[in-house]
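The structure's right below; bear with me while I get my questions together.
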Amino acid sequence: MRMLSRILRPRLEASAHCDLPCGVYDPAQARIEAESVKAIQEKYQGNDDVDFRTRAVEIKEQRSDLVKHHLWVLWTDYFKPPHFEKYPQLNQLFNEATKLAGAAGTKGSMDVAKADELLAKIEEISKIFWETKQG
Amino acid sequence: MRMLSRILRPRLEASAHCDLPCGVYDPAQARIEAESVKAIQEKYQGNDDVDFRTRAVEIKEQRSDLVKHHLWVLWTDYFKPPHFEKYPQLNQLFNEATKLAGAAGTKGSMDVAKADELLAKIEEISKIFWETKQG
Amino acid sequence: MRMLSRILRPRLEASAHCDLPCGVYDPAQARIEAESVKAIQEKYQGNDDVDFRTRAVEIKEQRSDLVKHHLWVLWTDYFKPPHFEKYPQLNQLFNEATKLAGAAGTKGSMDVAKADELLAKIEEISKIFWETKQG
Amino acid sequence: MRMLSRILRPRLEASAHCDLPCGVYDPAQARIEAESVKAIQEKYQGNDDVDFRTRAVEIKEQRSDLVKHHLWVLWTDYFKPPHFEKYPQLNQLFNEATKLAGAAGTKGSMDVAKADELLAKIEEISKIFWETKQG
Amino acid sequence: MRMLSRILRPRLEASAHCDLPCGVYDPAQARIEAESVKAIQEKYQGNDDVDFRTRAVEIKEQRSDLVKHHLWVLWTDYFKPPHFEKYPQLNQLFNEATKLAGAAGTKGSMDVAKADELLAKIEEISKIFWETKQG
Amino acid sequence: MRMLSRILRPRLEASAHCDLPCGVYDPAQARIEAESVKAIQEKYQGNDDVDFRTRAVEIKEQRSDLVKHHLWVLWTDYFKPPHFEKYPQLNQLFNEATKLAGAAGTKGSMDVAKADELLAKIEEISKIFWETKQG
C-alpha cells in the first residue's frame, strides 16, 4: 500500500531543505523528531530510574531543538510572500508550533499531551505545505 | 491520496531514531538528505558561477554526512541480531550505502548517477526496514 | 542615537537567550554575526586568491546561519503574543531578516549591500526589542 | 565608566571573530553567555523540580562551554605578541577565566558567586580589549 | 620508551580519518573516548551529588556518541572489500562495538564492566586495523 | 613492538579530556588532526580538480579547528598553576600552536611547511605533557 501511495503522489515525494537551496523540503523531518519527543515522554513515564530519566530529559531537549530547527527552516526558506498572503495564519501557526517545542512546551514538560499539541500543529503546517506543492 | 495511504498503514508511520532509545526510526531521514544531494548536483550542473559551485560542494558535503549518519544509526541502533540473520546482506548493504555517500560517492562526485545509486541502496534498506516493522 | 538609547537603559544591557529559559536575550548576537558577514564580503572583494575566496564563501555561510539562528530564537523564545499585537510588523520583519541571511541574501551574494540590508533589518528588530524591555 | 568609554569609541563598536579572519571580535559574546550562566543558577536556586534542575545543569554546561570558546578565540585569534608584551597578565587572565567556566567553576557549581567571578574576569579582559582597539 | 616505540613503528604512526579522504585513521580516537567513558563511570560511582551525577550522565552520553562516530568512520571509510574478505568477523565486530557504546551499553549503564567490554572490542578492532596497515 | 611499549608505560596510557573532568587527556588527539591537515595539503598539491580543492580547503578548515580545540582543552583543563610555574614557556607555546592552526597558519595556507611547524609545536607540548604525567 505504501508503494501504491508513492506511485500516486510522485510530484510530492521530493521536498527541499538545505539553503543552497536544493529545493527539497519535507515537514516529515519535524514530525519524526516530534514523534521521538512523544515516545521519550512515554518511556520516561514508565521508568523511574534516576539516570534513565536524566537521559530522557536531555535527549528530549535535543529532539525538541531539532523540531524547532526544521520548522524554522520551512518558515524562512520554503514559504514565500504569496504563501503568506494565501495562508494568513502561517506566521502564528509557526510561532505557536516552535513555542510548543520550547520551554513552555515539550522541552519543559513530560506530559504527552504537549507532544500531541505539537504534532497537531505540525500536521496543520504539513497540510498547508502539501497544498502549496500541488498548487 | 496521501491521507488515505496514512490510514492504511498506521503501524508503520511512527519509527524511532534517538538512542534513549525512543524507538522511532525512519529511513525517510536518510532518503530526504540523499534527495537533497541529488538536487544539489543538478543545480551545480546548471550554474557555473564559481561561488555558487563552492557553496554547492560544501553543502553537498554536509548533506552526504547526514546520509551517512542516519544510515549508521539504523545499522547500529535499529537492526538487531535476528534481523542480520534473516537478511544476511544487511551489513554489505549498509557498508556500500554509506561508502556511496562518502569520498568515492556523492561527496567526491557531482555526477547525479552517484546520487541515484545511493538512493537505490537506501530504497533497498527501506524495503527491508518496513518488512521488519510488519513482521 | 543608538548610544543615547544605551545610556538611558543601563539595567537592560543584560538580556537572555537560552531555552531554559534563562531570560537573557540580546539582538547584539545576531548583529555581531551580520557584521562579520559584511567584513567577510569586504575581504573577499579585496583578495582574488582562489582558496581565500573558498574560505570566505564557506565561513560566510556559517556566519549567515548563526544570524538566522539568533533571530529565530528571538522570534520564538523572546517575543510573546502581546508583543505581536503591539508590533504587527514583527512577523514579516523576522521573516524578511532571516531570508536576508539566506540563499537569496548574504549566503548567496558577495555584495556588501546585502549585508547592509540585513544589518538594517536587525537594527529595526533591535529597536523594538529594547522598547519591549523598557515597557 | 563603561558607558563613557563606549561613547568615546563609537568606531570600535564593531569587532571581528571568525577565523578568515573577518576582524570582528567582541567580548560581549563571552559576557552574554556568562550572564546566561548566572541566570540559570538563579533559576535553579528558585525551583526544586527535578527535571527542571536537570535541564538547568545541562544547559549551563553548554553555555559555559560557549564562554570558554569565545574566550579562547579572543586569546588565540585577536591578541597578538605586542599585546602580550604590553599586558603581561593576559595569559593568566585568560587561563583563569576559562578555568572559571569549567569543572572547577560554573560547570561544576550552582553557586552564583562563581558566575560573578567569571563575569569579573571577562570584564577585566574586556577593558584590555577595548584599550587595544583604541591604541 | 614511548619515543622508542615511535621510532620502531614509523609507518603505523600516521593514520587517516577525514573523508577527503586524507588517509589518516587511528583507532586511538575511539579508544580515548571509551577510556573517558570508563573514567566518568568511576567518578560517578564515587560521588553521589545529584548535579554531579547529572553532568556525568550527560557527558558520558556525548563521549559514547563520539566512540560510535569514530568506529563508524573506520568501518565505512577505512575498511575496504578485501579487508572484509580477510576478516569476515569485521562487520559483526563493529556492529557489536557500536551497540556497546549505545543505549544497551555505556550510554544506558553506569557499570564499568560495560566500558571494559567496549574497550576490549575496540582493542580487537585496533589489532586488525594495525595488521592491515602492515600488510 | 606497539604492544611492548604499551606494557612498559601503562600509567601513561590513559589520559583524560572531558570537562567532568574525567581526567583522560592525550595530545595524540591534536596530533592526529594535525597529521590529517598535512595529508590534506599534500593531496591538494597533487590534484588540481577545482571541486576536489574546494573540498580540501573546507575539510582542512574543520580539521584545523579541531586542532585548536584539542589544544585549548589541554591548556585550560589539564595544565594547572604548578605546571605553568615549572614550564614558563607553556602559555606562549600554546598560543603559538593554536595560532599555527589558524588563519595565519594551516587554515590560511596549503604549504605543508605550516603543518610541519604545527606538528613540531604539538610535539613540544606533548613532551611536556608526558613529563608532567610521570612526575
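Order of writing sets the chain letters: A, B, C, D, E and F. Residues in each chain are counted from 1.
As a convention for this text, a contact is a pair of C-beta atoms (placed from the backbone, for glycine too) under 8 Å apart; a residue touches a chain by one contact, two chains touch by 3 or more.
The model shown is predicted, which means the values in this text are computed figures rather than measured ones.
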Original post:
Which chains contact both chain A and chain C?
Top reply: B, D
Original post:
Common contacts of chain C and chain E?
Top reply: A, B, D, F
Subject >> Greatest separation from chain D - chain, by CA centre >> reply: B
Subject >> Interface numbering overlap (same over half, different under half) for chain A and chain E >> reply: different
Original post:
Which chain has its C-alpha centre farthest away from the C-alpha centre of chain A?
Top reply: F
**OP:** Compute the distance, rounded to whole Å, between the mean C-alpha positions of chain D and chain E.
**Re:** 34
**OP:** Please compute the C-alpha centroid of chain A, do the same for chain D, then give the distance between them in whole Å.
**Re:** 34
Subject >> Mean-CA-position distance for chain D and chain B (Å) >> reply: 41
Original post:
Counting only residues that touch at least 2 other chains, which ones in chain C make the list?
Top reply: 19-20, 54-55, 58-59, 107
**OP:** Please list, in label order, each pair of chains that touches.
**Re:** A-B, A-C, A-D, A-E, B-C, B-E, B-F, C-D, C-F, D-E, D-F, E-F
Subject >> Complex contact set, residues of chain C against chain A >> reply: 19-21, 65, 68, 72, 75-77, 79, 84, 91-92, 95, 98-99, 102-103, 107
**OP:** Within their complex, state which residues of chain F touch chain C.
**Re:** 53-54, 57-58, 61, 107-108, 110
Original post:
Considering the complex alone, what residue numbers of chain E touch chain D?
Top reply: 50-52, 54-55, 58-59
Original post:
Hey, which residues of chain D end up touching chain C in the complex?
Top reply: 3, 6-7, 10, 14-20, 22-24, 26, 28-29, 32, 35-36, 39-40, 43, 55-56, 59, 62-63
